[in-house]
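This is the structure I have questions about; it appears just below.
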């Protein structure tokens, strides 16, 4: 039970329910929390970096490729998110650890000195792939290819699973740990 | 002519064309620039702060009110944006200086030590109010009430006016100053 | 088992999962089906009818009120949807029968002579209300107030329940009846 | 001047300003008008028809290709829109006549017997292409390739040009003809 938690990191594959859980956390937590995430970073990129090569690319089979210029901007963004938290904002981060443990290590470095709750958001690949069809706005195949990959070697304080549990209930489980 | 510009701040009233200019800048500038703005901050807020009182409120006449908890998160966000730039990301900021010179002073403090281009985005109130109708997704009245207000006492390196000039041409004028 | 089905009507409360099921049906059915719905109708209204009184109003508690001018346009829209189906388009309709059996009767009249599959989309009020929080873009309270109301007196060919069944699986159940 | 106008058809290339003019018309006309358009039709298609071949395809250079199954659904949609108007709804249609005079002929047949105002929405190719960059959500090249094409052989009651006139002013010019 952390009393001065500053950052909640939600990591999970595409269509696992991270963003919905983030919205629920904002609704149920008594203090105001900002919600930022990888989707917001991608939206803020120039068109030249929303393509494979230097930027982030989404292949027809759902594979995501990441180039050096995207990586550099992502690193600066992580630094900025950490600075928001150090400046007093409580921050929920919603990310996809395409590099598994290596991604976590980069966040760990950026968030050094902050009180962080690491949350794994799991969802069975078959179910996440189905929800990808329901949403209809995501490259098909991402949910399946990321479902297990993003958790490899990652250490969590808490894991939730949206396969058979509603996102709001998952959020309440997380909120109970925020204190 | 700045050779190592790190931040471009676009300030203008609602429906003056700031976000469109930011997108054009991203398309025409040779280096990759991140684009962040006040709309993104509002999206990242919890529902409790998207209301008048503690948060940011949008009255039926277009007046925007800002409460203490919104102000605190906004301050942390500014600090984070500055940290992204210090970490190497070139950043376009798209904001509405509701406090005029006082808003600029807060950004100046946050961005201390960074090379900043201050750009005023003007649009005649009547024309901006018309574009608010065209968009159809904004509280009516904001364009008119903000058109002059947000520029009071603000010092710029450059001003553009979208009243009779296309946003892409305004962006090219700005880009010529980026070097 | 209908071999010449022309219209699939999905009726359910807000946040019951109708639109997601419609997207899944479009993905799994071998023939192309158009998907239209009450949300699209509301989007196509003038601002004057997106308000209580003459139009459709969304109260802070989730109650939806419907005025005479909205009702008239809705009737014309139903007629148009039926005409699309008679002209050869297969159509999935996603609606909220605020009037229960009376709403169905109006659709029945509009769709006279067409082969229709009537599908009830149920979701327990508590779960639908939670999903409303997850989405974050709907007036709170709608899910709860509509969950039972919209099914009163309505006769279905088939009912699905998204409370504990994924939308894609519900869609597959429906698709099996399309033949 | 028509006193019982039932349909306003706005035809223009991508990024010429049709949808904005439609929103303005809804705001300034005293009676309620529904607004429907080709973008709404594309949204209602199954994923299999949002691709070249049978459906509608958007090539990287902005060329739009239309296949037989899209064409068939579009025809049914036109029939449905006409039926809405015959059932009493005033309807603004926002379309892109990729086939020029042939497209108009198809609408003329569908709308037979209705009082229609045919409006050409022009915008110089260079300016429309710039606004495509401003929007940032359209396939680049569409504005340029469609600017002249869609007007070939089309007969109008009224033409407006958004190159140097605000959309709201164009809408007022049109509204003055609605009577």
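Residue numbering begins at 1 within each chain, and the chains themselves are lettered A, B, C and D in the order written.
Keep this in mind: a contact is a pair of C-beta atoms (placed from the backbone, for glycine too) under 8 Å apart; a residue touches a chain by one contact, two chains touch by 3 or more.
Since this is a predicted model, take the numbers as computed values, not measurements.
Considering every other chain in turn, none proves to be in contact with both subunit A and subunit C. Using mean Cα coordinates as chain centres, the one most removed from subunit C is B. Per-chain CA centroids place subunit B at a distance of 40 Å from subunit C. Taking each chain's centre as the average of its CA atoms, subunit C and subunit D sit 27 Å apart. Between subunit B and subunit D the centroid-to-centroid distance comes to 32 Å (mean Cα coordinates, whole Å).
Counting partners per residue, subunit B has 27, 47, 136 as the residues that reach two or more other chains.
Chain contacts in this assembly form a single closed ring in which each chain touches exactly two others. Applying the touch criterion to all chain pairs gives A-B, A-C, B-D, C-D.
Here subunit D touches subunit C in the complex through residues 26-27, 29, 32-36, 40, 43-49, 54-55, 69, 72-73, 75-77, 79-89, going by the rule given at the top. Taken in their complex, subunit A has these residues touching subunit C: 17, 20-21, 23-24, 27, 127, 130-131, 133-136, 164, 166-169.
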